[in-house]
Structure formats: C-alpha cells, structure tokens
Amino acid sequence: MNQTIKKIGVMTSGGDSPGMNAALRSVVRTCAFHGVECLGIYRGYQGLIEGDFKEMTARSVNNIINKGGTILKSARSQEFRTVEGRKKAFEKVNASGMDALVVIGGDGSFTGGMVFNEEFNFPVMGIPGTIDNDIYGTSSTLGFDTALNTVVECIDKIRDTASSHNRLFFVEVMGRDVGHIALNAGVGAGAEEILIPEEDMGKDRLVESLKRSRESGKSSSIVVVAEGDKTGDNVFELKDYVEKNMPEYEVRVSVLGHMQRGGSPSCWDRVLASRMGVKAVESLLEGKTNYMVGINNNKIELCPLDKAVKGKTEIDQELLRVSDIMTV
Amino acid sequence: MNQTIKKIGVMTSGGDSPGMNAALRSVVRTCAFHGVECLGIYRGYQGLIEGDFKEMTARSVNNIINKGGTILKSARSQEFRTVEGRKKAFEKVNASGMDALVVIGGDGSFTGGMVFNEEFNFPVMGIPGTIDNDIYGTSSTLGFDTALNTVVECIDKIRDTASSHNRLFFVEVMGRDVGHIALNAGVGAGAEEILIPEEDMGKDRLVESLKRSRESGKSSSIVVVAEGDKTGDNVFELKDYVEKNMPEYEVRVSVLGHMQRGGSPSCWDRVLASRMGVKAVESLLEGKTNYMVGINNNKIELCPLDKAVKGKTEIDQELLRVSDIMTV
Amino acid sequence: MNQTIKKIGVMTSGGDSPGMNAALRSVVRTCAFHGVECLGIYRGYQGLIEGDFKEMTARSVNNIINKGGTILKSARSQEFRTVEGRKKAFEKVNASGMDALVVIGGDGSFTGGMVFNEEFNFPVMGIPGTIDNDIYGTSSTLGFDTALNTVVECIDKIRDTASSHNRLFFVEVMGRDVGHIALNAGVGAGAEEILIPEEDMGKDRLVESLKRSRESGKSSSIVVVAEGDKTGDNVFELKDYVEKNMPEYEVRVSVLGHMQRGGSPSCWDRVLASRMGVKAVESLLEGKTNYMVGINNNKIELCPLDKAVKGKTEIDQELLRVSDIMTV
Amino acid sequence: MNQTIKKIGVMTSGGDSPGMNAALRSVVRTCAFHGVECLGIYRGYQGLIEGDFKEMTARSVNNIINKGGTILKSARSQEFRTVEGRKKAFEKVNASGMDALVVIGGDGSFTGGMVFNEEFNFPVMGIPGTIDNDIYGTSSTLGFDTALNTVVECIDKIRDTASSHNRLFFVEVMGRDVGHIALNAGVGAGAEEILIPEEDMGKDRLVESLKRSRESGKSSSIVVVAEGDKTGDNVFELKDYVEKNMPEYEVRVSVLGHMQRGGSPSCWDRVLASRMGVKAVESLLEGKTNYMVGINNNKIELCPLDKAVKGKTEIDQELLRVSDIMTV
C-alpha cells in the first residue's frame, strides 16, 4: 500500500440514499484498518469549502450501518461550481492535512470530484450512492435495492385497497430521467402497466391495454409511472384521461415521493456499501485516482470517473418483455 | 342463545380498512361455533341487492387474519339509497334464508343498516371498520392502529432524508373531517407541527412557530397535515406560503394517500376484530339489534347504531398539549 | 407548579423495551418546557451509584423517538440492593443537585425507587417500561404493543412455511410469569392453541385439541407457548410429546427470544411514552412522589408505587374465550 | 417455439422459500402467453404420484406475487425415490396430457427431476428455489435475498437490546452446509464475528477476537453462526464456552429458525422469479430439457441440471476479508 496517503476525507453529496451511512462506516473502518486517518466532511462540497470536518475513528461509526440518510448530511453547493469556491476548498483541504477524497454520491457529485482532481491534482475516488441506479459502470448503485423494496411494500398496501374496490391506481415513483425503479418495482409489484421515460406507449395504447386487462378478468389495476415518463403531462393528467375513457373505473393517484429515499438499507445495500468502501480506500492507498467503485458480475471493480459520468445506463429489454408477459 | 336466528349474513362496506378480514373471520367462526350458518355478502349493499352471497364455513376464512383489504370486497351503492333498491335487497335476503346482518364499515354503512332495520324490521349489528377513528361509541375503530403505524413508518423514512438535507416536509395524512390520525401519528413521528380540521392555527402562527423551531436548533422539520385541515387551501398552497416566508428552507410535500388504508393489520387490530366479531354474532343470537359493537375501557360493549352515527368524536385535548410540549 | 424541584434525573432500568427512548425524550422535553434541568442517568441504579450522569437538553433527545433500546443503557445493580450502595447513590444525587427521579422500568426497578424514596425521602416517579404488560395500575406498559406486533410478524412468516408443509409449530414467546404476550399475539396470529402460565390445559388435552383441529380440516397449526407455561417441562419436551402422539405431523419449535425486546416502537408506544413522560414530570413538579404513571380507560393516571409493585395483573378471560371460539 | 409441447406441469418441491409463488405465477402466465396449458402439481413429487393436479390460468395466480410459502404446497416423497413410485407418477403424467415439467426447488428436487427425465425421457426444467443460495450455476437462488433481509431485521432488533445491556449475542441462522446466509447477513448486520461451516476459526481464536473487540471499545457484540458451523458442538455450547472465558459478558443465544423461510419476497426475489419463470417455459418450448434456469452477471441463463446438482458453491473470499476489516 502507498504510504504517501495518510489522511483520507469522506463526504456524502447530492440526494441521499439508503446505504450511504454503511458506505461511510466502511470507508472509516478501512482507514482505521490500514492505520490511515479519516476526516468526515459535513454537507458535501459546501462543507469542504467551509472546512466543516470531523475526525472519524472506527468507533464513531458504530450503529449506523442500518440507518437511512447520512450522518454527514448532504447539500448542494453553488459555491463549489466556481473557481473561487474550489480554491477555498483546496485551502481547507490542505490545512487539514487531507490527502485524498472519497465522494459518496451521484453523477453531479462525481463531476465535482473530477474537476477538483483536475485543478489540484488531488486524488479522488467515487462511490455511487443514489436510488436511481442511473450510473454507468456499476450494475447497482447504493440505495437502489432498498428503494425497490420500499416501493413494492407501498404498492402491496395500495393493492389491498385497490382490489377491495375494483379501482385503478396510478402510482408515481422516482426516476426523472430513467425508469429503472419503475420497471423493477413495477414487475415486483405485479403492475399491469409500467410507464418509463425510455419508452412512450402513448395514452391511447395505454387505454387499450387497460381495457384488455379489464376484459381478461382483472377487476383492479396498478399502473406504475416513473416521474419522468412522458406518456401524459403528468400523472394527474393521465388519471383524467383514463377516467374520461374508462368511466367504469374509479381512478386514483398515489405519488410515493421522498419516502423512497429513506429507510433502513436492505442487506444487499449494506453489504454492497461495505465492499465498496473497502475498495475505495484501498484503491487510493494503491495510488489510484479519478475512479468510481462499481459492482459488475458480482465483482467490485473500478470505472474511470469520466466514463461513469458520461455513460448512460440502459433499460433492461429482457425485463420489459418479462413485464409484458406477466400482464397476460 | 336465541334459536330463531339460524343464518347470519356479513358484509364489508364503505372504505376498506385493515382488520376487516379479521373481523369477517371472527363473525364466520363465531357462527360456526354456535352452529349458525353464515353467508358472505360481496361488495357491500350492492351485493345485498344482487344476491351476491356465498356460504362461509370456518375453513373459508383460513389465513385471512393477516391480510389487508377485504376478501368480500367493498363498494358504494347508489341503488341501496332508494326504496326500490332496499326492497330488492330484502327479497334476496329472504330468498337466502338470512335472518340477521352484520355490517363491517363506517357511519355511512351503519346508516344504511339502520334504514334497512327500520323498513323491514331486520336484525342488524355494526362493527366499526374505518381508519379514521371517527365513530362515536368506540375508542378505537378497526384499522386506526394499523394506519397510525403505516404513517409513522413512512414519516420515519421521510425524516431520514429531511434531516440529511435540512429540509421542511409537509406530510398530508388521511382525515377529511377529523384529525385523529394526524394528531396521533404526528406525536408518534415527532412532528414539529400538526395541523387538524378541529383547530385552525392560521398560516402566520405556523410560520412563527416554524421559525422558533429553527432558532431552537432544529435543522429539519416535519409538519403533519390532516387532509381536511383548513390552515391553507391545501398542502401545496401551504408549502408555497412557507417557502415564500422562510426562504432559508427547502420545503417539500408528501401526500401519503391510499397506502394508509392497506397493509397487514397490527396485532391490536386483529385482536380487536376477533373480539368484536364474537360480540356481534352473540348479540344477534341474544336477540339484540340495531347496535354497533365498540370498545371502551378495554371492554367490548354495544352502542345504539343511531348514537354511533350521530355522535361526534372529539380530539384529545391532553394529547394536543403533549404535542405542544414535545416540540419545545 | 412546585418551584422547589429544579433538577430531575431520569433513568431506564431492568430489561429494555421499545418506547423507553420515547419516554426519555418526553421527560427531557417536559423538563425543558417547564424550565427545569434534566440529568440523564446511565445504566440504571448502577449509574446512580457511580454518578454516571449527563445533562440533557431538548436537543439531546432529537431523533430517538423511533429507536428501540435505550440510549441511557440499562443494567442490573447488586450494589443498589445494599444500604451502602444506596447511600453512595444518594451522595452522588446530592452532589449533582438532582432533586427528583423518574425511573422507567418494571416492578423490580420500582421497588428500588420506593426503597430509595423511603430511606432518603427523595421524590420518585415511575414509568412502566416492559414488554410483559405485567404491571398493576396500567392497562398497557411501554413496549407491550410493539412486542405483540413483532411476534405476530414472526408468526406470519412461520405460518407461510408451516402451511406449505403441513407442519405443526410450537412458538415460544416471552412471559415468564404472565401470558399476556402469548394470549394477545396468539389470537392476533390465529394460533390454534395458546399455552400460558395462568392455565394448565395438560398435555393430553393439548393433543386431543390438536387432533380435533386436524380432523376439522386444518393442515398446519401454530401453538403459541409463553416462556413460563407449565404444560410441558419446556417447549422442546412438548414437541417430543406431540410428535410421539401425532406421528402424522412434522413438529418444529421456534423460540423467538430477545428480538421481542427490540425494534422501533409502534405508534401506540410512542404516543403512550410521550404522554407518560409529561405526566411523570408534571406530577413531580406538583409535589407528588412515589407514584407510577399508568393509562386506564385511555386516561393518564397515577397509581401508588407500592400498589403497582404488589398488585397482580389478570389474564383477560373474555379474550381466552374469544381464542377458543376462533379455533373452531 | 416448439409446438409439440402443449401442456406444462409445475411444482414446488423441498423446503419452501420466498419467491416460489412469484415463480409459479410467472410459469403459469408465460404458459398462458404462449397458449400452452398449465397444470399445477400439489405437494411436489408426492402429488405427481397421486395425480394431485389442478389446471392453472393466468387468473388463478392473481395476488400471489407477494406471498411467502407456496400455494401448491411442498412435501418430501419417499415413494418417488422408488422405481414404482416414479412409474406411478409417469402414468398420472401421461393420463393428464402433461408433456413437460417445471420443478421449483433445491438440489434434491432437481435430482428427482433428472432421474424422471432419464427414465421416461420426459422434458424437465429446474428453477432454483431455496434460501441457502447453495446451487451451482446461479449467483442467486429464489429466497436468498429475502432471507438475508429477514435476518438483518431480526439482528437489528437484537442489537437494540444487546447494546442497551452490554451483552454478547450468538445468533444462529440457517445454512447446514454453507455459510452464505451467515456471511452476507453477518456483514449486513455489522456482526463482530461470523462463524461458517467453510471455516473453523476455533473456540480459542473466537474468544481472543471477542476480547480484542471488547478492548477496542465495543460494549456489545453480535456473533452470527451458521447452523452447520463446527466451531462448537452447537451454539449453546459456544455460549457456555465464551461465558466461562469472558465472565465480564452476559451471553445470550437466539436461534432464528424457520421464520427465515417465510415472509413476503423482496423486490429482487419477485423480479428474479418472474424472469426465471419466463425462461423456464420458453426453454421447454424451444425443445430444451434437463436444465436449470440461473442468473449470472445479471443475465438469465441455462445450466445443465447435473452440473447444478453436483457443483459446489464457494464462499466469497473477498467478502470474508471485508467482514474482517469491518470489525476493526
């Protein structure tokens, strides 16, 4: 291991996701394991600018592996988008003796890290923490699995009342640009239709499909809609359209909202976070920089940060087909 | 026990609530225990009109005590509001040999039962099934306890993300006319403010209070708002108002919606349902009619249906005070 | 309010239960509300002896209402059972300026409080925290409701596998002396038999009953057994006996164990804890001492500590009867 | 698609696991999608022998995707181990018109399928359903992910009480021959030590490690032990040994038991089951036989049944190392 790195900083940045605390714990403990100091940076890049740091020992991350949110808090920083802001940050970093940085966050946070690396030749390592699973270079981001379980548990409850009343529910889930949550949770919840940004089935085909579904003997229906879907203007407009065209149905809308970001992480997310934290720290100690830690084929691997940021994830075509077959 | 009653019908009616299946199971098994036949009536009063009945044995309610929703389904019936509709229902009832009726539902459903009793001198017994806890004559309705747990679990998740980001959340919960869910779940979730239909604190006092709360060192806040609260036009208007007056806060809204009606019932709701079902059937067998089964002081008691329907529940002033103290 | 009390100590003592943290939060915040100082005492009476105190402000109990366990930790203290131990404790108490004590715990902890009160004329107030619900003077202890939900969720899972395999399960739940958990969770989980310390049905009647149950068409069965039940020597001996006498059944045992004490408290337990904490502090401020705060008929009331300690709770005969009817 | 296959039978066999119902639903609906008839076979191979079949339509699997256990039930069949038993089964199969078989189960169930295929040249396809994740040819078996979540939720509760009392808990989890559940759930739950059949650390090293852990400042500890671990004779003997050698600790044992097999499947298990069911049916329709459907690198693939049965899974060495680092 590279002895030039003696103090590693770690932050959580961007939207929070379940598993961030578990990843933080892993980073801190891997530092302790290798005899490297660790500084927790509060409120992401804003805290980097303000020097809002705290020394972390193996014991300061006791009992957080199962906690949602992030004990380091997160924030968006306009100031870090400026050269001046980043200079201030670098001064604070220097003053603290920090000589490498682990960023737990999404692609916006990684972009910040890349710029910081470029400008100051400062070692940076990313860990993908976002419920959206929209980061290239990893088959799974921290929080995605937990969010899926949260969504299917909510829809299970909604289905209880939907099937007691022969109702149709539109359930909006997170995913502004990508439909991974909608597609996976939709299949997992047994949704009749799944509307995602990557595909536009059109309102007429939606109504046709719902009518067929009704004729096939289904008395209630759940349609899962990703936030960023473009089939309707929004989920409420969709509701109105369907109600007009299928007066036999009572239609309801449920927007699951921010609860999808919270909650105790699933076992998968806790284990993934633990593995990623080890890899992030050890890669820095080996002298690597400007990578994101990812998981592919159940192996923990590095992916260059710029690829992670620029690459696009693709919707799983096989799963789309499975979804169609399941609603026969 | 009165031997003139030989066949009891049971329905679930109105909005569904967790515990309805457990109550149905109890009614069916108590009938079996006393050697009385039992008919399940599908889709509430509409099924009564259509003669949509099914014989229920002790085994036909296996494995439903833990299921949300209602296997008998529920519906609203315009037809039953007419004399002709009720006549049709009475004919179906007569043809089936049914000689008493248990209605699991809310006050609208009880009113239907009272009219049916009045017009045809038909024995009717009510079991209060609604998450709103707004029925006079019982300290607890079926589903209320489960709904409270659902709400606090959701808010626990929202709080993870709220406190990671120093945000203010407005969380809308069910309760069009009453604030029981909001008040109890608000205290249980540690909400900073609780807005209920029974009290109007006014938007200005709300903002004042949130500012004090912020100054006292709280970096994030949850405000629980009952559906029927009148402080703002609606929860989105409240959000806009607070955002305008407290620009230092990011404000978000979460409308919990119909998931509050679903889910596996809590142990309390299952036990309560079991107790109420026994009392309902045995009271009919004792020749009683036109009552609702309630729980008061942990005793299962009868309350005349008309009192249950007309009476008002009151918000718990002591709990309001507790809520104020907790947000010190 | 009595101005002579200026600093209140609060401890959790004995076996922990969900809701203890919520009660602690309420005590601390009620003190803050009334401008009274509050000292947290770590590790129960042992911490009292050692002067292991920490000043608590309204903010030091942020985000604990939903946490199981107790942040003050709990312990049993042999030393406090001695006069010397209690003298040491009183010295520490005096040195700290503490002039009243809130004890959150079970009857053993209350006895300690009573003795301390007697010997030093020191104001003491109890809050009943135990999952067993075996305290006289309150219809509900903190943690009982949560434990019931934990148990029924576990048994729901066991039932999945029991009914997939036509198996008989003995599920042992907590309750060394009382059967409240077993009876309530047994009814809530739809158990075929419930064995409690208060009743001894005998092994032969148990087998007879299980045979009848099997003949009635049930292919799987759950028997809930309280820890302290005397029907068999223990749950494993019961299993052997039933297996010998009903070779047609595969019999399995599950001992739920300590997970029953943990977990995030239910909404009921959080609200109850909040109410009890307010009452405990305000009663001390009103000059009262040597009471336990209880809930009866949904009213928060005081019960003399000696009655709470000496009185016995009784098993609910109506619920026993409901249990019998449900297994028809 | 191969038109020679017109009727597919499906069974669940061996120990049940969460996701079996979701896989059944997928098999049934994929048959419906392709216009192939589907027969549900009750109680595994025993039902095959007895001709205990039921026609399944797309609607007969409504609302089961989220249910634990298996609606087809499972059983072990001694009779199917005999040539006569299998002949009887083949006669029933012929009489029913079934011309291919999907077996959802573990390696014992697959062996049965292979023999049946060999003797009667009957097309067979396997879907790996077991919580143990011990099947070669798939990185994930149905139910493994759900079981991990169940275990970490239980240990989270146990940790509440462990850390309130400074106790050491041994938690036994399933895994007679393999440690996958113990290792993954142990890391996920933040266990201090994880004891698995694949490694024997010895009792003395265990005690040494626990002492170091205590000295490092941890006041409570969780040790996760796989059923089949050989460090002690059993978990109770381990407890005694540690108690003797570390009298400063109160040690407790919790055996999680059969609840690990039950519960509503996680989103991952539901999606995996849906994907596997499609692949199983479509592979049969393409004329393939004697394969198991597996998932590798997030692709659904086939693995020859004999490889699946004979191959061994290996414990993840990287994860073992992560586990060591986390307990620094």
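Order of writing sets the chain letters: A, B, C and D. Residues in each chain are counted from 1.
What we mean here is this: a contact is a pair of C-beta atoms (placed from the backbone, for glycine too) under 8 Å apart; a residue touches a chain by one contact, two chains touch by 3 or more.
Please read these numbers as outputs of a predicted model, since none were measured by experiment.
Enquirer: When you check each chain against chain A and chain B, which touch both of them?
Expert: Looking at chain B and chain A together, no chain touches each of them.
Enquirer: Please identify which chain has its centre, taken as the mean of its CA atoms, farthest from the centre of chain B.
Expert: Between chain B and every other chain, the largest centroid distance is to D.
Enquirer: On a C-alpha centroid basis, what's the spacing between chain C and chain D, in Å?
Expert: 35
Enquirer: Nearest whole angstrom, what separates the Cα centre of chain B from the Cα centre of chain D?
Expert: Each chain's C-alpha centroid was found; their separation is 39 Å.
Enquirer: Just the number, please: Cα centre separation of chain B and chain C in whole Å.
Expert: The mean C-alpha positions of chain B and chain C differ by 28 Å.
Enquirer: Which parts of chain B, given as residue numbers and ranges, touch two or more other chains?
Expert: 156, 159, 163
Enquirer: Once you've mapped the touching chain pairs, tell me: line, ring, star, complete or other?
Expert: ring
Enquirer: Can you list the residues on chain B that touch chain A in the complex?
Expert: It comes out as residues 12, 15-16, 18, 67-70, 73-75, 150, 154, 156-166, 169, 252-255, 257-263.
Enquirer: In their complex, what parts of chain A are in touch with chain D?
Expert: 25-26, 29-30, 32-33, 58-59, 62-63, 65-66, 139, 145, 148-149, 151-153, 156, 159, 163, 184-185, 187-190, 216-218, 264, 266-268, 270-271, 274-275, 278, 296-298, 300, 318-319, 321-322, 325-326, 328
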